[in-house]
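See structure below.
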Amino acid sequence: MKPVVSIIMGSTSDLPVMEKAAKILDELEIPFEINALSAHRTPAEVEKFAKGASDRGIKVVIAAAGMAAHLPGVIASMTTIPVIGVPIKASLEGLDALLAIVQMPPGIPVATVGINGAMNAGILAAQMLAVGEAQIAGKLSAYKESLKDKIVKANEELSEVKFKFKTN
Amino acid sequence: MKPVVSIIMGSTSDLPVMEKAAKILDELEIPFEINALSAHRTPAEVEKFAKGASDRGIKVVIAAAGMAAHLPGVIASMTTIPVIGVPIKASLEGLDALLAIVQMPPGIPVATVGINGAMNAGILAAQMLAVGEAQIAGKLSAYKESLKDKIVKANEELSEVKFKFKTN
Amino acid sequence: MKPVVSIIMGSTSDLPVMEKAAKILDELEIPFEINALSAHRTPAEVEKFAKGASDRGIKVVIAAAGMAAHLPGVIASMTTIPVIGVPIKASLEGLDALLAIVQMPPGIPVATVGINGAMNAGILAAQMLAVGEAQIAGKLSAYKESLKDKIVKANEELSEVKFKFKTN
Amino acid sequence: MKPVVSIIMGSTSDLPVMEKAAKILDELEIPFEINALSAHRTPAEVEKFAKGASDRGIKVVIAAAGMAAHLPGVIASMTTIPVIGVPIKASLEGLDALLAIVQMPPGIPVATVGINGAMNAGILAAQMLAVGEAQIAGKLSAYKESLKDKIVKANEELSEVKFKFKTN
Amino acid sequence: MKPVVSIIMGSTSDLPVMEKAAKILDELEIPFEINALSAHRTPAEVEKFAKGASDRGIKVVIAAAGMAAHLPGVIASMTTIPVIGVPIKASLEGLDALLAIVQMPPGIPVATVGINGAMNAGILAAQMLAVGEAQIAGKLSAYKESLKDKIVKANEELSEVKFKFKTN
Amino acid sequence: MKPVVSIIMGSTSDLPVMEKAAKILDELEIPFEINALSAHRTPAEVEKFAKGASDRGIKVVIAAAGMAAHLPGVIASMTTIPVIGVPIKASLEGLDALLAIVQMPPGIPVATVGINGAMNAGILAAQMLAVGEAQIAGKLSAYKESLKDKIVKANEELSEVKFKFKTN
Amino acid sequence: MKPVVSIIMGSTSDLPVMEKAAKILDELEIPFEINALSAHRTPAEVEKFAKGASDRGIKVVIAAAGMAAHLPGVIASMTTIPVIGVPIKASLEGLDALLAIVQMPPGIPVATVGINGAMNAGILAAQMLAVGEAQIAGKLSAYKESLKDKIVKANEELSEVKFKFKTN
Amino acid sequence: MKPVVSIIMGSTSDLPVMEKAAKILDELEIPFEINALSAHRTPAEVEKFAKGASDRGIKVVIAAAGMAAHLPGVIASMTTIPVIGVPIKASLEGLDALLAIVQMPPGIPVATVGINGAMNAGILAAQMLAVGEAQIAGKLSAYKESLKDKIVKANEELSEVKFKFKTN
């Protein structure tokens, strides 16, 4: 089994957030790898990773970073594979990471999801893969359908809430 | 008893905030319903709700959402009933939800209250109903009068605070 | 003809923004008045206005203010008529006015629209009136329908845009 | 003993912050009073307070408020006594209260201190009183001198910190 | 020629920004369509578009919106095709649109680019298509290579700048 | 005639803003001086000014600064005269100057007015002087009364605005 | 042993942050001193320190401050030694301190690091010393090399994370 | 003449800002070079530059970038020469660039100056060089002295401003 999605994070402190990306890829049965790389501490390794990813069969990169979050942009500058950026909340409520990832200059986009939005990064990776692979699209539709169950459950819980003038 | 106000929230995690809206409507003896609906996870149900609300006798909708909070605006786009939006604090201190609710384009307003301002949403709904129903206006006046009691109590507490140069 | 909506602004410099509220009320054939009042410069007049509005037949107040925008909240504290607040962009991109209007304490809501959102304030006022008056609801539906025309026109314009790989 | 400074707060929940204003006034032996008043819940009482303050011998008002903090500005609109505004951190890290207090329109200033800056409000009140009363200026100089002691103490603590290449 | 990318914008006032997306798709010889749709003014048309896009052969959607920018999220809630969101600067320097697009709830991602980042949206769309189509990857590599020319040119210009202590 | 208020600014580029402080002091017949001093470029002169102000008869200092606005705080650290800080809008919409002035540490307050709020700084200075001088209080009351005239004028202008459903 | 770097902080409450600067200087075997000084509470001592630092052999100053953080700028105004500013997070997530330190006027720079970025301040001080001392450059290179070890360790930890579709 | 300072910018559009850095270095007679390099468009050239700078005799790098400004951090990750970062105002008032430059992770500092603060970047570079070269310190002292002249001139201009109650 060869990975098609590569999850990159700067340190294992990001793992509690980023394992949500892993979990959803696992549910959707998409092979992936997880590695730690730092744009600032291991620039040579980042370069090696970014330039070799396509040849290793990686189709989408998910890169997470906090603060002056350069990792997603640095990878994006070295490959034409789509890079999904996950801003990690480490300071300033995550606003610094969001801006440092999303405000890329013309020519080098990073597909940015919300602050700590690792689960959405996983889904977005699957959506990108589904562009070329109809089977994944089917799984995504099923997953999307399943989201409604939470709402059904929520309504059941809400029906337990009692007020005199509550009518349902 | 048919509901005239409908409280909508994206998930039961919003309930601790939103039950303040329910509580004040209950105090003001205004029949209401509470449901969970998600602009993003159950768009079809949101549409059905929004388009049918008026015919079911709903006069005002209170919709709560956090982050990229689309629910109030999406409902407002499908009905002419006034929609009150409650920004839920889930990230960025609630600023994202506030802006995503209040900054609606020309043509489709959402009556926005403060971040986590569910109680005010309930009162505002009552004020809107009072436009057509004098009896509710009377209840609101009585309620408004009662707000002063807190201040009286506060002053009693403050009279207990002791400083040498405090004169009251 | 007696006014049912009252538009209040702090100075005539707000008129270029606020006349959009007047214009939409005019289109919807809702009688209204426009006055200048300042929470800070004419507090006595504001009080007189707020306390007498209901008896004069005013059903909804639209209050516009910039910077430390107190006018909508001050009026709301003195009446149970719903007050719609319009944050005027005068400094800090209008963020100061938005926060000073929307972040009202529990008990005294202001129905806030977007920064410089005068047109939406007018529509929201009409929606509130429609709670008690079915005829206005009909006009609002017609108005809402008309919004689509802009989109139709926009698409006609876009069909003129020429690119080699543009397919429509 | 008649108060010359009046501390006003919206609710007793502000007391833990505001008692620092009381404490410093007490240290400086300046008679003061503390009361609870709400711009939004008790506008009539605020008006009565603001208009009567000067005649009762009040020379400076310290007014604290959070969120859409109108209290200092509303008082300032009804008196020519200087009003010191204390933004209380209740939401958005206190930025909403700061902007709602400091960004007053031309004509009606509020002397604003930092977020939760109650102690500085007390000192500023004393500085204003000292404009007309030389004795207070002397106490303030003594107080200012005493601030240095904290730094001396801090340096003693820092001298305990041990590092191999630390030279002091 | 059938379109594989669909560019959606709320009004023709977004065209000066969004035609940069069209231009780069044209350069990369990727068939696309451009339409105007409004999440708030034409919700039914948005639904029809979103649900039918996949069957019409659309592989990627680029959706632009300003202020309380719901369009990308609303489309994303109704399809599993990847949606690229372009925040348009219309107020608050575009921060409102950015947050309203990027901060999507778990389950429904929007691939967000920078404020007014239409060109990057076009490139990102091509990168997504290249996941399934090797030929586009080649064009993207060539494009990426061409970006360096600007830098070469910039250096030529800079060599013209004269200072006494400038050494190059 | 000896000055009792001293207006300090960092450079003559602040004059268009700060002359509003001068103008209102002139109207209120309060002797004042205007000088340029820079906390960063002329620290020795600032120190000399701050330490000598009281002995020269200065009762209140108005200090204006932009960006990392240290001037008001630096003066406040060297005197017990009240210092009024005017944040000048030079970058970041003036938010940097506002925070750099208002967020003073415990012990050293600066009485901060709004961004570019020079006129209010002048009025606040007069209010402080009036603490010890009843005559100025009278002038301030008269001035406050005159603010209403603008509103009267505004209403006259608004009465000229014509709409079919406008009732006044 | 004479210190070449001087660490200055406003109070011992900053020590938990600032000892990271001390620790890295210790590791790099660079003699340093730590003192408490306050721009606002001990301006005379700050002046004495700043003016005498160069003669005492200090080559770089690291100054930490929170809120309206003037200390780094005030020192920078009185010496030509480079001053590194560390914004301390004490309110508003540290944004106030960051802006009050970094936004210095033309002529007087402060080399600003991130919020609570004491460790980086220590490294930056070493980098500045290395401009004139080749030996420190060598130590910095070794230190930089060591940063990679964390990444190696992180990857070992990540290899322990188990998912069905995880391939590494 | 070999350069000791290297000024790097992403494009010639940054030149109007960055030539202020060149100008002050020229005045201080410090040899420098100016080049265009892009972290995102020419990563290989950036790497080559960063790794070779020290051997070429470069002592300090000044790197300017806007938006998701990665250039200074990327260079800093590849050298132990101090890197001065200049946030360029290109969007969001420059706040995005400031945060993307200053909020570097532990281990890799960037010495950040204010938004568009190119002149200060030049001075800071000179200050760093002066750590190892006494002669530059002398020039900096002379320069610092000259800053006072602006203030003298400003006071002359201010003495021309005429008001009735202006005393100087």
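Labels A, B, C, D, E, F, G and H are assigned to the chains in the order they are written; within every chain, residues are numbered from 1.
Keep this in mind: contacts are C-beta pairs under 8 Å (C-beta built on N, C-alpha and C of every residue); 3 or more make two chains touch, one makes a residue touch a chain.
The shown structure was predicted, so the numbers you read here are calculated from the model rather than taken from an experiment.
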Would you kindly count the fewest steps from chain B to chain E, each step being a jump to a chain that touches the current one? 1
Enumerate, in label order, the chains that touch chain B and chain F alike. C, D
I need the rotation angle between the copies chain A and chain H from a CA superposition, between 0 and 180°, in steps of 5. 180
Can you tell me which chain lies farthest from chain H, using the average of the Cα atoms as each chain's centre? B
Residue-number overlap at the chain A/chain B interface, same or different (half cut): different
Return the chain pair with more inter-chain C-beta contacts, choosing between B-D and D-F. D-F
With chain centres taken as the means of their Cα atoms, state the distance from chain A to chain E in Å. 19
Let me have the rounded angstrom distance from the C-alpha centre of chain F over to the C-alpha centre of chain H, please. 33
For chain A and chain C, let me know how many angstrom lie between their CA-based centres, rounded off. 40
Averaging C-alpha coordinates per chain, one finds the centres of chain F and chain G separated by a number of Å equal to 36
Return the residues of chain C touching two or more other chains; collapse runs of consecutive numbers into ranges. 38, 41, 67-68, 91-93, 95, 102-104, 107-108, 110, 114-115, 147
If two chains touch, include that pair; go through all of them. A-B, A-E, A-G, A-H, B-C, B-D, B-E, C-D, C-E, C-F, D-F, D-G, E-H, F-G, F-H, G-H
Listed in rising order, chain B residues that touch chain C in their complex are 20, 54, 59-60, 80-82, 84, 98, 102-104, 106-115, 117, 119-121, 123-124, 127-133, 137, 140-141, 144, 147
Chain E residues touching chain B - in the complex, by the definition given at the top: 10, 38-41, 43, 47, 66-70, 73-74, 76-78, 91-92, 95-96, 99-105, 107-108, 110
Residue ranges of chain D in contact with chain G within the complex: 89, 93-95, 114-116, 147-148, 150-151, 154-155, 157-158, 161, 163-168
Going by the contact rule set out above, which residues of chain E touch chain C in the complex? 1-3, 11-12, 15, 19, 22-23, 25-26, 29-38, 41-42, 45, 67-68, 91-93
